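A, B, C and D label the chains in the order they appear, each numbered from 1.
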Amino acid sequence: MKSSSNIKRSLVSRLKNMSVWSMFLFLLFLSFIIFLIQSVLPISSSSHNLHRLAGEQLALNGRGNIPACVPCHGLQGQGNAGIASPRLAGLHPDYIKKQLEDYARDPLRTRAVVEPIARDYIKTPRTYGDLTVFTPGTRYDPKMNSLAKLLSAEDRHNLAIYYSNLAFVASPKAYDFETLERGEDLALRGKPEYGLPSCNSCHGPKGQGFRAIFPPLAGQPVTYIIAQINKWQTGKRDNDHLALMRNIADQLTDGDKVNVAAYYDNLSYSVNSE
Amino acid sequence: MKSSSNIKRSLVSRLKNMSVWSMFLFLLFLSFIIFLIQSVLPISSSSHNLHRLAGEQLALNGRGNIPACVPCHGLQGQGNAGIASPRLAGLHPDYIKKQLEDYARDPLRTRAVVEPIARDYIKTPRTYGDLTVFTPGTRYDPKMNSLAKLLSAEDRHNLAIYYSNLAFVASPKAYDFETLERGEDLALRGKPEYGLPSCNSCHGPKGQGFRAIFPPLAGQPVTYIIAQINKWQTGKRDNDHLALMRNIADQLTDGDKVNVAAYYDNLSYSVNSE
Amino acid sequence: MKRIFLQWVLVFSVYNIGVLPVAAQELGQSLDSLEVRPSLVNSRLSLPTQLTQVHVISPGEYFAPPLVADIPDDRFGDMVRMGRNIFTKTGVYAKRYAGNGLNCSSCHLQEGRKPHGIPLWAAYGRYPMYRHKTRTVVTLEERIQDCFIYSMDGIAPTLDAPEMKALVTYTKWLSKGAPVGVDLPGRGLPNVSRTQDLDPKRGKIVYETHCEFCHGKDGKGQKHTNGEGYMFPPVWGGDSYNKGSGLQRVRTLAKFIKGNMPLGASFSLTNQESLDVAIYIWLQERPRNPKMSQAMDFFFPNMAR
Amino acid sequence: MKRIFLQWVLVFSVYNIGVLPVAAQELGQSLDSLEVRPSLVNSRLSLPTQLTQVHVISPGEYFAPPLVADIPDDRFGDMVRMGRNIFTKTGVYAKRYAGNGLNCSSCHLQEGRKPHGIPLWAAYGRYPMYRHKTRTVVTLEERIQDCFIYSMDGIAPTLDAPEMKALVTYTKWLSKGAPVGVDLPGRGLPNVSRTQDLDPKRGKIVYETHCEFCHGKDGKGQKHTNGEGYMFPPVWGGDSYNKGSGLQRVRTLAKFIKGNMPLGASFSLTNQESLDVAIYIWLQERPRNPKMSQAMDFFFPNMAR
């Protein structure tokens, strides 16, 4: 507030001090800027549209070996709870791109098998603070791994643009109160006594995701969220930054997964729709 | 403050309104009052002295069957720690009189034997709140019981006046710090978690006693204090108001008695001496 | 004109007596107390006819606050000691706020340590709490202010007064180890239930038997001979708590008496005796509630707050 | 005249750099961090070469505060909820006091619940306590005022402000069952000890590896797109805590980082990494200490408070 009012004041004083000539120059400069913006915008917008249309084409019909996306991810990119397939509509394009890259990446053949972390964390809960064990940045999925390898960088970009621009409105589902209460507690406050941060502290105050780095949890199928946490825990998904998500997933009990997934499934949420 | 200034103001206004005549009458009345006070004072004082001298005579020399007090209670009424004999110097005259009366009183022959209170109070501490069991108002002592019966009411009064006017200056004795600390805690704060009030809450902020009703603890021999608490506990002393002291004594452990007696023996204390 | 005024006074006084929670006149005679309660007989040479309840304390039943000897020798400890001084000798160390002859420890017995004697260690973890009296959430500081205004009939220390800080620090130190927000055994005052209507006449007899010995026939307590305040605090009169204080509620006073009086013989009075003596004390003169006007206090001297 | 002034500025700046607790220039090169710390290599497809310490939590090791769902539905509960709102969204619910982009819960993590994250439940029973910073005994209220003045770079609420009462009430509610005056496990921040001199150059690498992801390359945090304040709080710059706050002490900041950062991976950084990144952050721009004059702040931008 302070700085903006300062700028305003200094601008006003400068305008007062300027001669007519400099005023004219200034207006000339201004119109040039406006012209630039006007000329650039449609181009960028039309290029964007081209990518989006190409992505739509690929998603709906596939191409050659590449099958269409819609059978699994839905016509509107809304996902499919029955086969734990995620919603893609409205996700951040960079996030979609990164996931496709990680699907396509070959895990190292000489991957070191690290002693699995005790799952029964109620008895021996522990935070594995070892962040020097690097995540290879891979994501295992029987279908997607082979599929993603067929996509070019251009394809990934197109699909990302297409899906990120789809509108999505969640239809909140009813759950019993206790489940929701526990889920909310985990989503908003985590388990501080076990060093477990809340979901919303990274995934956004309403679980709506944050930029490219933290995907939304709201509006994702319950089955997808649970399946992904299971994958984190078993090491089948390993493509996070600094093992942030792996550390957290390791501490979630089966009950936690259900509760928190139900909580997010119960939230009303919309993206790209006014 | 408010009311006294009001009185002053009204007095001044009345004086102003009074005629000379009423002023004269008032002064006459005032001089009469002063005369009365002057005439009464020496009489009372001289009667007091007579009682004191008679008491001194009896205390020092005895009379007939009655032995002297000084062999046990000391020449200055300072008591004798060796035989647990109390200091009498400076005690309230009414208190001395009452104790002599209680010594002289016959305990009821048909005295009901009440189930004794558990002494091991660390294990089963309890407050017996039963105040409808009346204290017969007796005090047992092998020597004093027979002795007090020989005294007339006049004798008791004389002795009380004599001893209450004797000066006494305690000579504080050294004890180890822990004993004193515990004793102080008991004397100032009691044992609130067992419902035991502090000694000083009745016996005065420095254990100096309060009027006739609560005798001083400061300046009494350690042995006397301990012996008396033992008597309260075993029912040999039973002459308190509302069983106040009996209830309290019942909760004191042997350690408590020693600690608190030592604390009072360590206090500096003086009475009747400037 | 004057006669009409006096008539009004009379009418109001009668009305006032009429709204007492007891109908003292009718019910006072329902029970001949001399028959049932031998303690009211003057003679003390009698045998027990009725055994009242026994209050048994198990070890560890009540919270044990830290020892005064363990106050640390640092600036925190200095604050604790200052708080303790104010608490036990309010008229000396918080003279500018104290308005009567009471100390904090007159009600919070044994330096705020006694269970059922409004102990500080049970209060500290309860504030801030909702209070029905003010109908707001009050902090410990605000509660202490109320103590000064009503029970001490004085002036409230401000929230940033050093006395206030010292008292809060003392309370905190005394509560060392007590859980926050948990109702501890022995907190506040014990419960007292009513079985028959209250009678100040019976209460007067109870007062004379059990209370007068220390608090005096006129209820004005007993002073030290050296002028250092009260040995036994006044229970009514100008130097006692005012009509806005908690003890001016009959039930609260009865609870206090039941749980703490006479010293060393807590729980020795029956519920009925406590209530009777409480209403007897309630009817006596004391400073008016500072939140109530002079006129209101004159016409309705015993009106509930 | 102007030249002389600039000379003085230069002299003072050099002097100022000279009195840094680290001699950054000499010691920065003592360790080639790229060799020892594989996490600093850009490639993320590598195998572990060094296993750091594991922080194991046993069940019941840390105090578990009550659930938000258990806030009672009464006026006390309303006050608790108000306090929680202020605590978690200070810029919204205590806008008149907040001075920067931080909330109370930016430092007191997980709504003041996280052990080793300055949890409220461990603080409530400790106040009033002696504080070296002020050299007096301070109450919880006064400590909260300091939070607003320094960490929030704002205005202190008065002791009787409703916001203050709400915050204290929330703290008390959160501490339900915690013992008073007892140091609970997980209170405040964990200990961090120094084995070698600090180096902001190494700290910069640690920052870029571990912190930048959320707090941004410029340390100014990341804002919500809808303008509702910060998703990830700024760690320096005009919207961060000022130079008078506790986190501006290198060791305190290192403790905070060690015990809490990155989220979900507490205790993953070594002591040395924490201290290095702390001194790197310490050297950045932030609002001046309001108790220090503009001139002092200009000439000695990083002087200890």
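Convention: a residue touches a chain if its C-beta (ideal position, glycine included) is under 8 Å from a C-beta of that chain, and two chains touch if they have at least 3 such contacts.
None of the values given here were measured: they were computed from a predicted structure.
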From chain C, how many touching-chain steps at minimum until you land on chain D?
1
Taking each chain's centre as the mean of its C-alpha atoms, give the chain farthest from chain B.
A
Taking each chain's centre as the mean of its CA atoms, chain B sits from chain C at a distance in Å of 28
Between chain A and chain B, the Cα-mean centres are separated in Å by 86
So, in whole Å, the Cα centroid of chain A is separated from that of chain C by 65
Could you list which residues of chain D touch at least two other chains?
none
Which label fits the chain touch graph of this model best, line, ring, star, complete or other?
line
Those chain pairs meeting the touch criterion are A-D, B-C, C-D
Contacts from chain A onto chain D in the complex sit at residues 108, 112, 114, 122-137, 181, 184-185, 188-190, 192-198, 201-202, 204-205, 210-211, 213, 241-245, 247-248
Can you list the residues on chain C that touch chain B in the complex?
37-39, 44-59, 61-65, 67-69, 109-111, 113-115, 117, 119, 209-210, 213-214, 222, 224, 228, 231, 262-268
Sites on chain C touched by chain D in the complex:
74-76, 79, 124-125, 127-130, 135-137, 139, 141, 159-160, 165, 168-169, 172-173, 175-182
